[in-house]
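In order of appearance the chains are A, B, C and D, and numbering begins at 1 in each one.
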Amino acid sequence: MMFKETLVKDIPELKVHGRTTVCREPLTLFWTAGGFECNVTGSELWVELEVTYDVYEPWFSYTVNGDWVGRQMLPKGRYWVPLFRGMNPEKIKNMHFFKDLQAMSDDGNSYIHVHTLRHDGAFSPVADRRLKIEFIGDSITSGEGLFGAEQEQDWIPMFFSAVRGYTYQTAEKLDAEYRIFSQSGWGVHNTWDNNTRGAIPRYYKEICSLMPGSENERLGGNAPHDFASWQPDFVVVNLGTNDAASFDQPEFVDQYTKESHKMRREPDGTYRKEDMRSFQRAVKDFLALIRACNPGANIIWCYGMLGIDLQLYICEAVSAYARETGDSKVSYLQLPDTTSESVGSREHPGYLCHKQAAEVLAGYITKFL
Amino acid sequence: MMFKETLVKDIPELKVHGRTTVCREPLTLFWTAGGFECNVTGSELWVELEVTYDVYEPWFSYTVNGDWVGRQMLPKGRYWVPLFRGMNPEKIKNMHFFKDLQAMSDDGNSYIHVHTLRHDGAFSPVADRRLKIEFIGDSITSGEGLFGAEQEQDWIPMFFSAVRGYTYQTAEKLDAEYRIFSQSGWGVHNTWDNNTRGAIPRYYKEICSLMPGSENERLGGNAPHDFASWQPDFVVVNLGTNDAASFDQPEFVDQYTKESHKMRREPDGTYRKEDMRSFQRAVKDFLALIRACNPGANIIWCYGMLGIDLQLYICEAVSAYARETGDSKVSYLQLPDTTSESVGSREHPGYLCHKQAAEVLAGYITKFL
Amino acid sequence: MMFKETLVKDIPELKVHGRTTVCREPLTLFWTAGGFECNVTGSELWVELEVTYDVYEPWFSYTVNGDWVGRQMLPKGRYWVPLFRGMNPEKIKNMHFFKDLQAMSDDGNSYIHVHTLRHDGAFSPVADRRLKIEFIGDSITSGEGLFGAEQEQDWIPMFFSAVRGYTYQTAEKLDAEYRIFSQSGWGVHNTWDNNTRGAIPRYYKEICSLMPGSENERLGGNAPHDFASWQPDFVVVNLGTNDAASFDQPEFVDQYTKESHKMRREPDGTYRKEDMRSFQRAVKDFLALIRACNPGANIIWCYGMLGIDLQLYICEAVSAYARETGDSKVSYLQLPDTTSESVGSREHPGYLCHKQAAEVLAGYITKFL
Amino acid sequence: MMFKETLVKDIPELKVHGRTTVCREPLTLFWTAGGFECNVTGSELWVELEVTYDVYEPWFSYTVNGDWVGRQMLPKGRYWVPLFRGMNPEKIKNMHFFKDLQAMSDDGNSYIHVHTLRHDGAFSPVADRRLKIEFIGDSITSGEGLFGAEQEQDWIPMFFSAVRGYTYQTAEKLDAEYRIFSQSGWGVHNTWDNNTRGAIPRYYKEICSLMPGSENERLGGNAPHDFASWQPDFVVVNLGTNDAASFDQPEFVDQYTKESHKMRREPDGTYRKEDMRSFQRAVKDFLALIRACNPGANIIWCYGMLGIDLQLYICEAVSAYARETGDSKVSYLQLPDTTSESVGSREHPGYLCHKQAAEVLAGYITKFL
């Protein structure tokens, strides 16, 4: 048994998942479910990672032959992590490595870099799946709350998960390759606490421009994303939950510019018409942007895993967008709400809710196939 | 053990369910889940029914102490039907009789009349439930397809059910009294086959004016409904499925007036704007009508148990209605779609789909309580 | 549409279910799930029944094309009952009529007799199923508690069911024809209240000799059963629950002979060895009897839906029987216990428990196929 | 934030799980679910492990506040592993570390040693649970097959799990502390391949004497176990599956002594009486041994998750043991069989089967409480 150490850049058979740059020395993982997949013979497999962060350490999960087998916190440093050993050396094993933590817009140094694989076998190509899906969302899509006891309130990486979410589950049901573009607390128009910088559409055209600071610049996260390189069959947008919350949160004041923003309610409790118009305009504009970037994709706006407060407004905006543009490949789907039985940690949807959502969403997508 | 025969009109403790006239000699049952409920001591209970029909015979189901125990076809004639016997005579039993068949607009003689109860006990009042709900809908709300093997295609009363539907199940979960106003094949604007006479809103203000002919006139079904007598806390409208179907059905031509109607698609497959506007106007007008009749009710438009083709349009109309009228007690809820696992007979939602719908709907209503 | 009335005796295509005599004018139904099945064209079907009883009225259920559609109490008298109408006259419909009530050893006049079918079609043969199963048991096998609210305590026919039980469900899963031989409260050795007349094995060789009195004699229920006429592939014995209970019940004293009997415990709470030996002897003797009557059958002793107090003793007896006789086609299977979630009325297993039992039993039987 | 490194021996509040020696510098983990649990404040927690093996590397899982959050392979060496960070420093966190791999009788160097905890908080005692349970078993109890895709056939540590098993789940339902004494492939009388050295009872009186070699001697694994130090309320024995298999496997020949052994069948396929007597004697002897070591425990022999071939024989032996000794605190319980839906990897029970088993077992144990 002879072990080889092969740089990721030297493994053309390796399939990279998630938006990232063209750099492979190392391969940088930005987003939830960013990662890589390989088919390999041999008895043993290790991966050499380089991990950085200031506050929020990344975690990863991985599957072997499609079954989830491990999950761990990644401390800072450059080191080898064992993935499997003792397996039948003749057989081809499929190994899929998932970043469990979202791109952390609050920590400009939180990254996983993948350098090298150590192994005693040979790589073979990973077959393409039937479909490609891009998921765009907030904490729900980032899998927040999918780990941790129900009473947990800490906002920490340990409670985020790629593989327990509706995204992974939907993709598995449909035999789809998928990518996630999501940020906890953010919305279409502003964050849960009224910060308009936390509007997902502002960052959609770059690889990962919501990560702040010079390290992201250096890594190329701020560079334009090459949409032509990966055109999804379906774009699933699951946004609106934080926009809804912002109507009941205090005004946000930018500490530098002193500019402030707040989504307001009328004295009778209804949403202020002007603010709602802004929200709906943001929905429509985002749909137009997604369409511009993904000309052939079926776009599904999803909503409802944490209540349906803005449902009618979202539907109105989606409908107006479709009518005004003649875009017939846009639709809306309500997802199952979180209940006391299906709740996870941090008052977020738990595994059961994500499972129900995946069933509904996969069933809906199937109708288009 | 001495049996008494007491006319329904002489039992003030008896609770009547469903829209009907003030006549109690006999009590006429028009709608799905129309019926009566009584609390009674004694060992035995029979009911004297008078049943008429030309084509579609009624069926009934009943519960004893809240548990469903029997269901049978009702042949023509006036006769006694046994409901229970041999029970502990001291205890109060609750018996609830449900018409399983909808008001049959195709058979102006299909009625159940309730004349008399035979018993050896004493009646006591039936306590009011926590809530009142009115369900307005089509075949789904009429419980079509809840009995019968999956391959059944006959359109017959045997396959309609009151007690297996989402209506009964939702009411049970919420401890609600409920009424059903529904007609298989009908919609907000027209029937599945483009007949504008089959628009549910046209009949909403009368007791049961969709039943044709002189017998219904004689029974008082065409008389105005006294809305003040029973004001629901929630009105659940589950319409749109047949309107959606009509876009893909041939033109309807009235055999007498030769007038014709059809909901059309544009050459590119989208809904014709003019027809969609008519549909949306019908949604808005119906909401206004429901509101006028039920000033304090929370109105929930539900949709989705057989697909969500018109969802965006319904939502747009509901939203426009709410904005234009300032009516804040109107909302929209998507219900679970029928799958190959949850389908019933006649390609309709089966028990499992209705169960899932009841969970979603009851959970949603609970948020308002 | 011309209706014919055809005597049961004149319908050779009709399949009779359950132990009964050779008489077909009328066909008498004795046991739970006793009934008949027919394949028939035409739009409508009625059955002419003759029903007698002193105390315990029979109920019946029926399926159309394998789906249960109706259930009702049968009052005394001879009359016609409608089963279906309005169906597509060209298609062959399968109709299966089930006696829901067990043979009632406490009411020597409780019978359903089937005289005639009224129809407008033609009969065709009912295909044989893959297997034949005989179920022998007590109230669990008689389906007691499968209808009625959880708090019900009345011992009445309304709460017995053929089609909700594990017997029907097991047979459906396995595509089996089945018969039931059961009596509520009875055991292998004695009844729950220590009456040795209520030992199921004493009646096994006759058609239905546990029904008392002259009417049963007249009907032929006391005549020997012709085992050769229907040899089961599997005999499932589900007995022991009442034997277990009898150790904690008072002595039974026969009111005529003054003979008494009681299964006793030792002062330390354990079962008295002598009484346990009697019980185990009864188990072994019954196995020998079943084997003698069904030479090729696979015999499965089941137990556990209401606790497993006697499990070790039953297993010991089954094992001893197998060893002593060299009979290798005998085994033992524990069935799922009743829980607070799966309980029905009268503290008996409910539908959920029977469903779980059917899954376990059908899975076990499948291993032999 | 100041981090302290505290030797395990200096943390009296730490609760050790699983049979082990009195040594705490380091604490050695031998068995499946061997581990430790602590209540600790502070934001961060690391553990210093020392891991050795020749062939079979250990894995561990851990829970934070009762929710499973991580699982990973442990390479050789002495190093720090991060468990949590970034948590609210004021709150007490409960952390429970589980060895996922069984004591590996085929690798005398496969151990986890726990040296030190690094933390920035303070420890407080872990409350006792309501019950103590000891589980004795084979691969099923070792959680083999609970990870890995269904097609996996490699016999490797990755596919063993402590926290997905019926043991953990049963303990959680009952609020019990538990220990596991198990070995894959072993039985009461011999291994699946007829090796009589693999008889679980032979090793029951020592701490962990089935581990071979000098390292185990050095660690104290061969020393007598101090039963008085931890008296279980329930001993659950789940053995017999491998004994059953051995009747259909070739003779085992010891490579050194040349002694051979085989459990045989008679020509007619039945178990040879003499061999069956040996098996049953082993069952009885083991019960006597368990009783001697655990005078007050309720002993439950479980069986059935991979078929019930020996059920009657086990029951007979259990029953004979109880009768002959007058031991009334012994019983037998059948556990749910593995189905095509509930199977895991390596043709072993999967998570669903273990979940069903835990429900049955916990429900049964509850009856004694």
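The working rule: a contact is a pair of C-beta atoms (placed from the backbone, for glycine too) under 8 Å apart; a residue touches a chain by one contact, two chains touch by 3 or more.
From a predicted model like this one, the values you see are computed outputs, not experimental measurements.
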item: Geometric centre distance via CA averages, chain D-chain C, whole Å; value: 44
item: Centroid distance [mean C-alpha coordinates] between chain D and chain B, Å; value: 58
item: Whole-Å gap between the CA centroids of chain B and chain C; value: 38
item: Shared interface positions of chain B, touching two or more other chains; value: none
item: Pairwise touch network: line, ring, star, complete, or other; value: ring
item: Touching chain combinations (by label order); value: A-B, A-D, B-C, C-D
item: Touching residues on chain D, where the partner in the complex is chain C; value: 268-270, 273, 304, 308, 311-313, 315-316, 318-320, 322-323, 326, 328, 331-334, 336-337, 339, 360, 363-364
item: For the chain B and chain C complex, residues of the former touching the latter; value: 55-57, 59, 64-73, 75, 82-88, 147-149, 151-154, 156-158, 345
